[in-house]
Amino acid sequence: AKGSITGSGSSAQKNAIDEWVKAYQNACSGATINYQSTGSSTGRQQFISKQVAFAGSDSALKDQQKTDADARCTGGAAVDLPMAVGPVALMYHVSGVNGLQLSAQTLAKIFAGKITKWNDPAIKAENSAASLPDATIASVHRSDGSGTTDNFTKFLKGAGGADWTFDSGSDWKAPGGQGAKGSDGVTSTVKSTENSIGYAELSYAENAGLSTVKVKNAAGEYIEPSTDGASLGLSTAKVADGDDLKLTFDYTTATKGAYPVYLVTYEIACTKGLSADQAALVKSFLTYTASDAAQSSIGDLGYAPLPDAVATKVRAVVAKLA
Amino acid sequence: MSGPAVDGGADHLGLRGQILPRWVPLAVAAGAVVVSLLIYLLTPVDSEIQIVLMSALFFVIAMTAVSTAVEGGRRARDRFATTLVYGAFLLAVIPLVAVLASVISKGAGRLDGAFFTHSMNGIGARDVGGGIYHAIIGTVEQVLLASVLAVPFGLLVAIYLVEYGRGRVSRVISFFVDVLTGLPSIIAGLFILAFWVLALDQGFSGFAGALALAVLMIPTVVRSAEEMLKLVPNELREAGYALGVPQWRTILRVVVPTALPGIVTGVMLAVARVAGETAPVLLTVFGTNLINSNPFSGEQSSLPLYIYSQAGQPQQFAVDRAWAAALVLIIIIMVLNLIARLFAGRNRLR
Amino acid sequence: MATRIDVTGLTAYYGKFKAVADVNLTIEPKNVTAFIGPSGCGKSTVLRTLNRMHEVLPGARVEGKVLLDGEDLYGAGTDPVNVRRTVGMVFQRPNPFPTMSIYENVIAGLKLNGVRKKALLDERVEESLRGANLWEEVKDRLGRPGAGLSGGQQQRLCIARAIAVEPQVLLMDEPCSALDPISTLAIEDLITKLKSSFTIVIVTHNMQQASRVSDATAFFSLEKTGDPGRLVEFDKTSKIFSNPTEKRTEDYVSGRFG
Amino acid sequence: MTTEPDSSADAAEPRGAATATVPPEDPPPAGGPAVVSADKPRVGTADLIFKNLTRTAGLGLLALIAVIAVFLVLRATHALNANTGNFLTTEEWFPNATPPKFGVAATLYGTVVSAAVAMIIAVPVAVGIALFITVYAPRQLSSVLGYIVDLLAAVPSVVYGLWGLIVLAPHMKGIQLWLNDYFGWIPIFDAESVGRSLFVASVVLAIMILPIVAALSREVFLQVPIAHREAALALGATRWEMIRVAVLPYGKPGVISASMLGLGRAMGETIAVALVLPASFNISAHLLSPAGNTIAANVANGWGEANDIGRGALIASGLVLFIVTMIVNIIARAIVARRREFSGSAA
Amino acid sequence: MATRIDVTGLTAYYGKFKAVADVNLTIEPKNVTAFIGPSGCGKSTVLRTLNRMHEVLPGARVEGKVLLDGEDLYGAGTDPVNVRRTVGMVFQRPNPFPTMSIYENVIAGLKLNGVRKKALLDERVEESLRGANLWEEVKDRLGRPGAGLSGGQQQRLCIARAIAVEPQVLLMDEPCSALDPISTLAIEDLITKLKSSFTIVIVTHNMQQASRVSDATAFFSLEKTGDPGRLVEFDKTSKIFSNPTEKRTEDYVSGRFG
């Protein structure tokens, strides 16, 4: 395909898209794809107001948004296509402590401000070997609206049970802790703050050389964040019927080796309603991104490939785009 | 002039004043540093910056005391003011040096030829290369366009306020100019997004960005030009009128040139401000990895946008690109500033 | 072609303050008319009403009539710019344009009114500077800033600038108060020369100067501070200085000052 | 030495001599003196065009501001209607939740406090710099020094944000601890822990507005006539007294204007503050605690992931900032206007 | 207690430009010394070296010696602030502080010296303004801005300001050039009164004034533009005006001006 299209939205998928765009443009000279990470919600809005041909979003379209987005796709509908999966790492900076292991409940208490000391019995119980300091926990969360926050709070809510009483969403709602802008802001704050803990996509933690928490999954194992673990974790998610492939996460089914904190990021596209050349380019690009080659090319950027079941469905819907 | 030939040494006129020898301030300064260092070594002090602060504090106190004792209150106040004024300058230089030092140390590494001549097209998340050519083009075009819109407009407003405006209208305008200075940059971006990009359906473009930047520039331009025009003595206007020069020509050829160095300073401040704006550009020019040298159509990039997006990446080499771009942006603004000053300086015949 | 000025019932205000009241006088063409009187009596004010420079001050306004060769200076159709091109002015304090060189200062009036021919400008610069007795002192540094001259030099530069536009009438507000005798002489000679073709009005504190250069003299005074200044006597200079009608005029001009 | 009037002058006896002292003896020609008001002089066409051009620009600016204000109001009302909290007193900011609940109290507090502290730091320093450059520094050096300070303006705000986050905030820790240790008895310096606080944000803002205030003050001080400075010195003033007597009073309105420009910038700064502050929505007098948020930063933080109500709420907060700027300027103007007739400048 | 000024080998520069060369003169206490000479000859420059106001200008510097009652004005221990408090100055152009009222202008110098007592200040204001012959005109508006006065009034205000600090020496640079005869007379009377206790140096273009008020006169001149000005002759005023030694002095003072 030739021509150029724009997309915007999630910053979580920016690295993946950059990589895919590079490979895609190498293969199809004459095609350009411009993706800007404006934030998922802005991406969806720009998609609805016809400013972009596709949107990247860390959460699927909700009811009203779906209606608006469908209206944008004249004669067709807007569809959510899961495209990349990423583990969300919990990074910490506590000197002398390695291999910290925490359950969802403990994490929920920490981020809700119910556990305030590193040597709290709840943490001690899970890390009998570690010498935990008598220091106040500095929890770091995103200060800007974020898909990562959305997915992390979904996990806390889904797996943390009664210990997480706040709603999930892209805004951080719990009191206490300190905010930082962007995943890089969270990472550098954790790095520069003693006794801190924060969350970000795995690649940020790895690049900053910060230790990551082993999180307890439904099978009772403490698992290091990894792309494969995230893939396993997502494999239990329910995929919606029809073309709109909304995922519903399942944090309770025990899967061996699954890492439970992950985010899924979607592409939102029209089944109909774009101009022919735009539609062709979107279709062609998404066909590539859903391919095995594309999915496996982003592993070392901190993304996990879609579970096969999901990938198959995505490819089927992409094939229907016109 | 040496060897005061004082007969009898009497100073009945009191001309001589007790002036401290030149070495005294230096000695006091040295003493202040030593004392602060001692405190630093002997007590738990938390940061090196404090040594500087404490030294400064001790110096001011000691110097004022010595001066009051020897030279009297007036001189002491003069010295105190002098110390504060020098101190203010040094205080401003500290962050300047600190900012520049960190930008240079973090950014200089990526400043190679390729960085200036390439865009980010085809640069994936794992790739170390890439450049800022597209962003430089975007920033330069957007800032120039914004200046072309805002500077003449702002100057006209300032001229109206100073030269013509007498009544309530001019007071209202002048007032709202100040209010406009408090407009958050992102709101200016939203405004242009809503009106130009969406309502008028003009799409994202460098020009849309320039419009948003112009909104941000205008108050600075008006305010500074207004202050400078006000300072032009009325005598010069009268001299012009008395030569039978119409008011508008007097304004443009006599008043404005007289105020020009100050106006240029104001314009450069405005340029420097908007050249570093991220949020309004993000909303209006959209951003791209490709080179687009047409500011009137299609998405563009810009240096602040580039810095912002690269600095947010997890990869260290992307962050390096951000710092290098910051260094380039600073250099560009410096050079623009220098050119403008040289140009304005030519007019400053004193 | 010189120009007569008829002033009738002229009253000038600064905001609410009435600075001069009810002045009636006729300034003859090709004559030098001097305004004398104590400080604050409104000499400068009256002078400025003659080329509508008064009205550039905020709140300043004028009542009464000023006719220039029968044309109403304050008539509905009159453009103050044209008035001022016809009626030039030199101020009490030298005010060269600080951004302009000496050369540019002299031709400012011409240039800003659209004269562009280099040769003409060059010629006019020399002519005007010679007229103001400044040529010799500055001919080697015409490109230097005008504001860098000494006070006296600056004032002569301003005179050169005013005469460069060849006005019909030349108003001078104490033009020599900052000048040394040699320059003063040059200016006085110049005034005498200029009056063969132009009408000149000069404010001066220097009685000798008034008697030397002027044909007619107007003596202004004011009763007490806060009162408006008034024209006490207006007559031929010889009459004012030898045999004035008013006692107050006599008191003033017979002072031992000079 | 008297030059005799020439014959023509001789013939025409100067008129009015007789009537000069007798007020309106000769009545004005056509019923009442021709009253010419200086407010309505006839002006040349070019002058008229130019004047109207500048006037149009001025009115255009008003129109622009009006349109912006209307835009803000229109986009804000929808969200304000949906709000379940009190917009002015609520501290938390959950406009995207169902039901939405948000208020500007915390962000407004942060905005005002950070801008005020920034002004307290920046204005005296900036005036000091301007004095240093115009009065103290040797002439050859002064323009170079002026340029150096202008360089602070050349640093883009996003860089200030990153620098503030990565470099300044860790370095400020010591100073903040020290302030807390020794001045902790003053509530604003009391803190349980220190970090990326409103104080740090204020320092960043102070650095950002420093060149604006310094550069404009410098230009203003440069315009102080030498004659005034000399008059003071000739009275036996020291350099500082000369500044106090001649320079500062003359430059005061200009410095206030420059400060207002700086204040506007400080209150409206978006990205740098968003990067530095931890963006918590609570009002705390403890300036050194890692907490705080400002309206502009909150817009930058919230916009990307805001829904419809969320956007309206953010715009409503922008409107609040607009109004606050207005109030501050009313106060500043009142200060300047008090002694306007004593200002040294024209117009 | 008045003060003698000895000037020896004084040369003054503006940057590289030598404005006056090798001036030697002695100004007697309780005398009025007048500086006369054509514009640009350096009268103001020499005057300004007498209270170290010269060095305020950028690039300006002085060689030679100035002794005030034997004390070296430019000596190592000498404080220019003290010098200027002792040697007051009135400038060519009136320069009242624009941000101050008339009252504040007059007491500006006293305030700097720490005088705070209202009664004393009030008294000094009236005294100084009367001395400058301005009291009657402004006594009802002491709170109004000083810059709102007419040129002559402003200059008198500046004189009042200078004499309010009661200096030992008073330097006046053409103080009357903007004044009308009545004010000029008042100032001249004042000068005559002041000289009974103070040393006064006055620059004037007005030969009559010089001959009226001064005891000694210094005539400065310069060969041609670009050359430094030089002291041509310095003698008792009567001698300079009746029977000068130098031809150039005679040419200058015998001019028909005045």
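The letters A, B, C, D and E name the chains in turn, as written, and every chain counts its residues from 1.
By our rule, contacts are C-beta pairs under 8 Å (C-beta built on N, C-alpha and C of every residue); 3 or more make two chains touch, one makes a residue touch a chain.
From a predicted model like this one, the values you see are computed outputs, not experimental measurements.
Each step here moves to a touching chain, and the least such steps from chain A to chain E number 2. More contacting C-beta pairs link the chains of B-D than the other of the two pairs B-D and B-E. Think of chain C turning onto chain E: fitted on CA atoms, that turn is 180 degrees, to the nearest 5.
As a whole-number value, the distance joining the C-alpha centres of chain D and chain E reads 43 Å.
Computed centre separation for the pair chain B/chain C is 46 angstrom, with centres defined by C-alpha atoms. Annotation for chain C: residues 58, 80-82, 93, 208 touch two or more other chains.
Residues of chain A in contact with at least two other chains: 38. Residue positions 1, 43-44, 47, 166, 225, 238, 241, 300, 303, 347 of chain D are each in touch with at least two other chains.
By the touch criterion given at the top, residues 45-50, 53, 74-75, 77-78, 80-82, 84-89, 91-93, 95-96, 98-100, 102-103, 153, 156-157, 159-165, 169-170, 172-173, 175-188, 190-191, 194-195, 215, 218-220, 222-224, 226-234, 237, 246-249, 251, 261-262, 265-266, 268-269, 272-273, 275-279, 303-304, 307-308, 311, 322, 326, 329-330, 333-334, 337-338, 341, 345 of chain B touch chain D in their complex. Of all the residues in chain A, the ones that touch chain D in their complex are 38-42, 136, 138, 143-147, 150, 167, 169-171, 173, 175, 178-181, 185, 188-189, 192-193.
Chain D contributes residues 1, 139, 225, 227-238, 241, 245-246, 249-250, 252, 339, 341-344 to its touches with chain E in the complex. Partner chain C is touched in their complex by these residues of chain E: 37-40, 44, 92-93, 136-138, 140, 150-153, 156, 174, 177-185, 205-209, 225-226, 252, 255-258. Chain D meets chain A in the complex at residues 93-94, 96-97, 165-166, 169-170, 193, 195-196, 274-275, 277-280, 282, 290-291, 293, 300-307, 310.
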